[in-house]
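Input: structures, listed below.
One chain, chain A, links the two complexes that follow: it is found with chain B in the first and with chain C in the second.
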Partner chain A sequence: MDYSFTSNDFWLMVRGAGITFVLTIVSGFLGTLLGFIVGWARTAPSRIVYHLLGAYIDVIRSVPLLIQFVLFNSFMAIAGHPMDPFTSGLITLSIYISGYVSEVVKAGIESVPGVVRKAARGLGMTYLQDFFYIVIPIGMRSVFPAWTGLMLGLMKDTSLIAVLGATPPELLRASQIIINRIQEPLAILLGAGLFYFIMCYSITVMTSRYENSWQQKREVIR
Partner chain B sequence: MFDYTFQWRVVWRHWPELLQSAALTLQITALSIVIGLAIALALAAFRDSRNPGLRYLAISWIALARNTPALLQIYMAYFGLGALGIHLSPYTSVLAAIAFNNAGYLAEILRGGFSSVPATQNLAARGLGLSTLQAYVYIILPQVVRTVFLPIVNQIIWAMLGTSLGMIIGLQELAGMTTFLQSQTFRPFEFYFVAACMYLVIAKIATGSAHLVSARMFRW
Partner chain C sequence: MIEIRDVHKSFDNLEVLKGIDLTVNNGEVVCLIGASGSGKSTLLLCINALEPIDSGRVIVDGTDVHAKDTDQDKLRRKLGIVFQQFNAFPHLTARQNVALAPRKVLKMSRADADILAEEYLVKVGLEDKFDTYPAQLSGGQQQRLAIARALAMKPDYLLLDEITSALDPELVGEVLDTLRMLAGEGLTMIAVTHEIPFAREVADRVAFFHEGKIHEVGLARELINNPQQPRTKEFLGKIL
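Right, the complex of A and B next:
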């Protein structure tokens, strides 16, 4: 057995970073979709829906993600639908982030002033037209930075999927595997940290550029 | 679909252990927040300092704490520092890592709080004859505290959830103890369900009382 860092190890880490990225994209997409529906439903006039979904969000936000992973996994097993760890982890991550996204979506919808919506309806738009042409373009822009922050958090939280022993290994699990063999924790962890840092940081830079372009357009209109 | 018999009595038999481990979770949370807040105050001050060394220290601490996973930070404290000859116990590693993480996030919260008070308020207070100290204590700080109060409470909840990562390196706080007990009794669902309820109750009590406090304290 080879006790030094080989090029295979490097590729294992690169592939791990890829898995981390895929996990983030897929669960971020599903979670945003679910969170959008939940957040939208909470702006409906029904108090019952508001409080029921509020409880859903509360539970998601006050139970550690680790516990949610193992709880969901063992629940599916005793419900008679055992799942492979990767899928159950992916579903748990999506549900987990949906709780946070829904609060952001709700804040975005509520940030659109009532008079703007009334004006839209007064111009003859239906509720759905008002929602898709007025509320979403205005409201979602104002909460876009908060949503980006959530996605960055999600990327870091995918590392917890390792507790389920999910394969293929994502970045941190891949590093752990390499550390177990070559016993060089410091260097490998620094490398993994660098990977995470570059991924998070590049997203931050990209999105802030995007926001700036919106800002400039807004100033042109003004 | 549900031919599973739930066994709650075994959880009840281990209730004292669960309570004890929950106390450990609270203890780590409290310590990590106190240490994190102290460091964060320094970082927030260094962040705008004129000394480039201090400024870069603060900038890189904040960027590192916020852009890497908390689990990686715990691994770093537990396995990584071991390579340098610094051997920390699971308890110290988790505490150090969560405090490191908290400091990064809290520094940003505090910076936001201080920048939310317009500089002219300080000038006005000084112009009215208050000393620097008085202006800080009576004019600036109350407004900063009001802005940062609820974000800090959120960070406290986050820190509590973060301590559950201790289970991965074998620390027996609430999540770790639950994992240990379920591995002995083969009742994962029941144990994790009870642990989830305990986390939920603690978090609800904390946020509930924080909202009561803020409603009374920040009425102005």
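Right, the complex of A and C next:
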């Protein structure tokens, strides 16, 4: 057995970083979609919907993600639909982040001044036209930084999927595999941290470029 | 023609409209005056159904605004409204602000809507602000933008809710000038206003609101110069 860091180890980490990235993108996308629907529904007049979905959000946000991974995976097995850990982890991550996204979406919708929405409706726009052409663009600009923060958190939370022993291993688990063999935790963790940093930082750069394009037009300054 | 018949409206337990009757004929400018909280602004929102009413009827060109089978979105196209608070769409340029509804509601092409938008921006004196975002406009310019945006839908009626109240005094004049021009063109307008001299000059008739009721309605000059009801006298005495 080789006790030194090999190029295979490096590629294992690169692949792990790729898995982490895919997990983040897919669960971020699904979670944002679900969170958008939940957040939007909570701005509807129905008090029943508001409180039911509020309970959903409370549960998701109050139970540690680690426990949610295990519970969901076990539940599906008990219910007779055993899933491979990767898929069940992905679904759990999506549901988990949707709880947070929905609150951000709700805040975004509510950030749009009532009189602006009245003006839109007063021009003859329908509820949906007002929602898509006025509320979403304005609301998105005000909560975009919060949403970006959620996605960065999500990327780091993907490492918890390791508890299910999901394969292929994502970045942190890949690092642990290497650490177990070569017994150089500091160097490997430093490397893994660098990978996480590069991925998070590129997301930050991309999103702030987007935000800056709004700032330059002085749209968001009131 | 706008016919308001015995309209009642409450917010929770507070009755803000206690049986309003008013008819506005085409080509007429009617100003609604009275103390804050007397129900004037609420009435405007009830005319274009941005607020529901509890009882009574609002009839615009023969259509019962609050009837269940009325297409209120369609009806609002002919009832332009401008508010006291600035309400330009902050993410759109002046041109886009005006062109949006013609494009999305009237299904005009982008090019046609842009031409239309520029035409109305010129009309309200914003010919050098086509590509400017609302945040860079003064209050008076924002209100003129809101007027242009409402006019671009070619409404038959314009509802104005205290549109100069949030402006610095030196900016009020430019907005009132725009309204004078529109009145001169024969546009039917219902304006809630605290600008009594403006009402006297431009309005055909004035309705005085007090605690959810119209206490007095009459020709503008007569009502303002020579009010009959004690409440009207008291209000005008304070304000003039």
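Here is the rule we use: the second predicted complex is superposed on the first by the 218 of 222 C-alpha atoms of A that agree within 3 Å, B and C clash if a C-alpha of one lies under 4 Å from a C-alpha of the other, contacts with A are read in each partner's own complex, and residues count from 1 in each chain.
FYI, a contact is a pair of C-beta atoms (placed from the backbone, for glycine too) under 8 Å apart; a residue touches a chain by one contact, two chains touch by 3 or more.
On a predicted model such as this, the values are computed, not experimentally measured, just so you know.
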item: Contact breadth on chain A, by residue count: chain C or chain B; value: B
item: Partner chain(s) touched by A:138 [first = chain B, second = chain C, both, neither]; value: second
item: First, second, both or neither for A:159, with chain B first and chain C second; value: first
item: Contacts of A:128 with chain B and chain C, given as first, second, both or neither; value: neither
item: Touched partner set for A:55, first chain B, second chain C, both or neither; value: neither
item: Chain B versus chain C as contact partner of A:68, first or second or both or neither; value: first
item: Partner chain in contact with A:190 - chain B first, chain C second, else both or neither; value: first
item: Intersection of chain A interface sets (partners chain B, chain C); value: none
item: Chain A - residues contacting chain B, complex; value: 58-59, 61-68, 70-71, 74-75, 78-80, 152, 156-157, 159-160, 162-163, 172, 176, 179, 184-187, 189-190, 192-193, 196-197, 200-201, 204
item: Sites on chain C touched by chain A in the complex; value: 45, 48, 50, 73-74, 76-77, 79-81, 83, 85, 87-91, 100-101, 104-105, 133, 135-136, 146, 149-150, 153
item: Chain C contact footprint on chain A (complex, rising order); value: 113, 115-116, 118-126, 129, 133-134, 137-138, 141, 214, 217-222
item: Chain B residues within the chain A interface of the complex; value: 1-4, 63-64, 66-72, 75-76, 79-84, 157, 161-162, 164-165, 167-168, 175, 178-179, 188-189, 192-193, 195-196, 199-200, 202-204
